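Quick heads-up: structures coming right below.
Each of the next two complexes has subunit A plus one other chain: subunit B in the first, subunit C in the second.
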Partner chain A sequence: MEEYQNGSEVGVGADSLLWFGIESVLGGDDYSQTHVNKWTAAIVERCLTQLVKINKPYKYIVTCSVMQKTGAGLHTANSCYWDTSMDGSCTVRWENRTMYCVVSVFAVCIA
Partner chain B sequence: MSEQPKEKPPKAEKKVKLPAEGPRAKEKAGRIKDPASTHVDEHVTHEDPTASLIPNTYQLSPNKPFPITTISHILKEEITHRLRDVRYDPVRSREMTLTLCEVIRTRMKEFMISRYKTVILVHIGQLNGQGLQISSRCLWDPNFDTFVSHSFKNTSLFCSATVYGIYFE
Partner chain C sequence: MVPFQNVFVGEDLICPRRVHLFYFEDNFIVILVPVSATLATMDDFLSEDKTTFIVEEVSKIIKDSVETVIGENSYKHGRVNQWTTSVVEQCLIQLSKLDKPFKFIVNCIIMQKNGAGLQTASTCFWDNATDGSCTVRWENDTMYVIISIFGLAI
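And then the complex of A and B:
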């Protein structure tokens, strides 16, 4: 997550968009195995609907990982074969006392 | 671990125009474009910018569908081969995620799947009794766009790899 390769798409707005999406779902909660499925679904749905409202001709892939804090390590990497001038991605890390959350958006231009 | 509800993209008005230069490996005329240079890790591979623009083909759907079974097989093979007896190590796992991404992307390029853009996601984590949930949702055309996923686990680590194939009109 050291480099963002961005075309014209997401830009600075996406960071805060994703952040608020996560905060609205997870803010103030502790990790719970029973709820985590519902949380991740809510986060991706919220982020996706916000992205659609921007109204740009893009296809979106939104992924969300929520991990309990136990001292274990997690590594994530992505590799994309696309048009670097038009397509881009954005990743946001969020954490609280009991869990980590990583949300990534990949935006692929249509035509 | 991951779920995939799919939605159709909103209808957008399209104008006929020359398509932008894209990562097309093979065109109808039979030209094959090679990337100018390829690096591992953090470098971007660019197509030759002086290549001529391609005329509109008026093609609405892909000639060949995204080869799901082949890619699933590739994922299984690569991950098992590289991680079978490996113990979790922070430094090595970090490098391994990047290596796996690059390797999968290279193998996918060999298939010359025309008009498909790909996004490859790899997670490697330590097994420590923690809970983890990975989900994704996509706004795309469910007729042509798809994904393939594979997970792997040994005594000390787990790995999850996903390849998304997006049709480029």
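And then the complex of A and C:
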């Protein structure tokens, strides 16, 4: 459900940070087409502000996908061309009764 | 004044700077466009292309990769895994061939067309002047494909 790559500072604590970011926005709600736009924006914003507060010399990219549960198949993949010793990513998958949410954060070290 | 035909770019031979020529019916109107206070050389213009994130270029790479890997195939649960991997790999290979001082992140989402709603968002904490992103939404009869590429200058 949660996975992070390489032991950079991103992995440690990032998955719980993302989880709480999602939970605070989506927790208890059902999928709603009118609100989903607002939700995805709020999730990425919340996660980013928490990450920036850690105050490490990183650039961050946060992506979020919210999908309604109707039996459709969804696959995501990402690949990164970077410095594997310093950079890292973390992906969290969250769900409730009516929707799935996948949030990824990529952290790139500022040389 | 509206340029009538093509805009030509040439080099002023007297003092080296890039000039733009607007061909205007039978008359030529030469307009000098110095980029900075000091005289710019052709090299300065060429190096700019090598260090910036060009969205059109990246967008073309994405479209070509998706067409090559997926094309007209129908959504198949057993093959989707392989498709997402191939698409991101193809994109990354083409991007590294550009030989630019960038780190790249390629993200690919494939969703079956089933009436479900899908919303994606991304936000970035980076250097606005040098970094950039490009997102392409592609579809065929049975699936949606969304590919995002983020480029961060080293």
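By definition in this document, the second predicted complex is superposed on the first by the 106 of 111 C-alpha atoms of A that agree within 3 Å, B and C clash if a C-alpha of one lies under 4 Å from a C-alpha of the other, contacts with A are read in each partner's own complex, and residues count from 1 in each chain.
The rule is simple: a residue touches a chain if its C-beta (ideal position, glycine included) is under 8 Å from a C-beta of that chain, and two chains touch if they have at least 3 such contacts.
Since this is a predicted model, take the numbers as computed values, not measurements.
Visitor: Could you classify subunit B and subunit C on subunit A, in the superposed arrangement, as clash or fit?
Guide: clash
Visitor: Quick check on the superposed pair: does A:S24 touch subunit B, subunit C, both, or neither? Answer first, second, both or neither.
Guide: neither
Visitor: Would you check which partner chain A:I61 touches, where first means subunit B only, second means subunit C only, and both and neither mean what they say?
Guide: After superposing on A, A:I61 lies in contact with both subunit B and subunit C.
Visitor: Please work out whether A:T98 is in contact with subunit B alone, subunit C alone, both, or neither, and reply first, second, both or neither.
Guide: Neither partner.
Visitor: What is the contact status of A:M86 with respect to subunit B (first) and subunit C (second): first, second, both, or neither?
Guide: In the superposition, A:M86 contacts subunit B only.
Visitor: Could you say whether A:S16 touches subunit B, subunit C, both of them, or neither, answering first, second, both or neither?
Guide: neither
Visitor: Show me the subunit A residues, by the header's touch rule, that subunit B contacts in one structure and subunit C contacts in the other.
Guide: In the superposed arrangement, which is not itself an observed complex, subunit A uses residues 31, 33, 36-37, 39-41, 43-45, 48, 51-52, 59-83, 87, 89, 104, 106, 108, 111 for both subunit B and subunit C.
Visitor: Inside the complex, what are the residues of subunit A that reach subunit C?
Guide: For subunit A paired with subunit C, touching residues are 31, 33, 36-37, 39-41, 43-45, 48, 51-52, 59-83, 87, 89, 104, 106, 108, 111.
Visitor: Sort out for me which residues of subunit A touch subunit B in the complex.
Guide: So the residues of subunit A touching subunit B come out as 2-3, 5, 31, 33, 36-37, 39-41, 43-45, 48, 51-52, 57, 59-87, 89, 104, 106, 108-111.
Visitor: Hey, which residues of subunit C end up touching subunit A in the complex?
Guide: 75, 77, 80-81, 83-85, 87-89, 91-92, 95-96, 103-127, 131, 133, 148, 150, 152, 154
Visitor: In the complex formed with subunit A, which residues of subunit B make contact?
Guide: On the subunit B side, the touching residues are 2-3, 7, 9-10, 12, 14, 19-23, 42, 44, 46, 88, 90, 93-94, 96-98, 100-102, 104-105, 108-109, 117-141, 145, 162, 164, 166, 168-169.
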